[in-house]
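Below you'll find the structure I mean.
Labels for the chains are A, B, C, D and E, by order of writing; each one numbers its residues from 1.
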Amino acid sequence: MQLARVIGDVVVTRKDENLVGLKLLVLQPIGADGAAAGRTLVAVDAAGAGVGETVFFVRGKEASFPFYPTEVPADAGVVGIVDHWDVETEYRRT
Amino acid sequence: MQLARVIGDVVVTRKDENLVGLKLLVLQPIGADGAAAGRTLVAVDAAGAGVGETVFFVRGKEASFPFYPTEVPADAGVVGIVDHWDVETEYRRT
Amino acid sequence: MQLARVIGDVVVTRKDENLVGLKLLVLQPIGADGAAAGRTLVAVDAAGAGVGETVFFVRGKEASFPFYPTEVPADAGVVGIVDHWDVETEYRRT
Amino acid sequence: MQLARVIGDVVVTRKDENLVGLKLLVLQPIGADGAAAGRTLVAVDAAGAGVGETVFFVRGKEASFPFYPTEVPADAGVVGIVDHWDVETEYRRT
Amino acid sequence: MQLARVIGDVVVTRKDENLVGLKLLVLQPIGADGAAAGRTLVAVDAAGAGVGETVFFVRGKEASFPFYPTEVPADAGVVGIVDHWDVETEYRRT
């Protein structure tokens, strides 16, 4: 999984029926130092997250587990909202 | 998932039988700022998308979910056509 | 999926029994402009492809679908031979 | 799999129910020479690992195997704690 | 799949029970020209490979196929030992 900041959402009218009713979030992945790390992506929300929150997300088929037995065609999903994280001093954000 | 622009299509005569009848689109992934981000790829179309449209696509086995129970040997699929997306100011396209 | 050029093949005597009899091709992925894009890789052939041909291949477990029910331990497979592809002018190869 | 150093942990209160009770570790992947290689990530712990230890982790759905039959929505998991590793001289850490 | 050179092995005492008895190899992926290409990784051995040999390996869940029905939590596995490979002149190693 990776940490990320929710930076937006996507409105999609014509879509696969198994995606109907799901919230699609735009994520900016971040590293252990809190800085942006890698490209933005779109993820389904399985944790009730909103813009501005720090979350952690999962990639791959696992992103659809929370919606089982619906076979959601998603490859990224927010599965938790981060309270805080701790890292060793040398990796700590400044 | 990622946002992308449909920039072309591919004609493939000799192919796996489970791909017959499917439309193969050439995609240019884009970031939250609307700029090209990453390499072009080929995806199966599960949303009725065409050249010039902004879509979002899924990678991995999930790309074959919309065609179930056919086991489509695809690792990328267009699953929705984007109306618009919103991001925080600092990430907004100019 | 990605477009690729078949640039060689691999001879492997000692291998997993579910790979016996399969042709292993060396691929150079190419972008929508026809130029090399990314590292060479080895893929199983499910389309009767040969050196010099332009193909498209799939990554992941999907690469083993054409050989079902044999559980081929492959993560990349050629699933079609490309006749041609069309892209918008700005992406066209020169 | 990859080698990694455990550099921290993550506290997540609101999360998918199948993640409840699992320890979430922040990992810094390392190469065969012991140096940091690639971005930090978050992994579930299936080996009783702690901060400061050298571990090896698996990516993808395989990360959830140790928790079967619970369908843990995780794409990275620590599956072993490394005692030591040996590499040829040219790759040896200095 | 990718070609790789076996450059070492890893000793892991505390690990997932489904990994017990398996040999863990350190691999350096190589390209079609024989040069190192990408980061070192750890793979389970399903081909009886040893340090110094040129192998090809598979990524993803497919890495666990040779050990079926054991659900090995591995995302990379050596599935063949390479005798030789041939590529077009322009890609040939020198």
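One rule holds in what follows: a residue touches a chain if its C-beta (ideal position, glycine included) is under 8 Å from a C-beta of that chain, and two chains touch if they have at least 3 such contacts.
Note that this is a predicted model, so its numbers are computed, not measured.
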Steps in the shortest chain-to-chain touch route ending at subunit D and beginning at subunit A: 1
For subunit C placed onto subunit E, the superposition rotation in degrees, Cα atoms, nearest 5: 70
Subunit A-subunit B separation of Cα centroids, rounded to whole Å: 19
Approximate Å spacing (C-alpha centroids) for the pair subunit C, subunit D: 31
Touching two or more other chains - residue numbers and ranges from subunit E: 60-61, 63
Chain order, ring traversed from subunit A with subunit B following: A, B, C, E, D
Interfacial residue positions of subunit B with respect to subunit C in the complex: 7-16, 18-19, 24, 26, 28, 39-43, 51-52, 60-61, 63-64, 71-76
Footprint of subunit D on subunit A - complex, ascending: 1-3, 31-33, 37-38, 46-48, 56, 58-63, 65-66, 68, 77, 79-88, 91
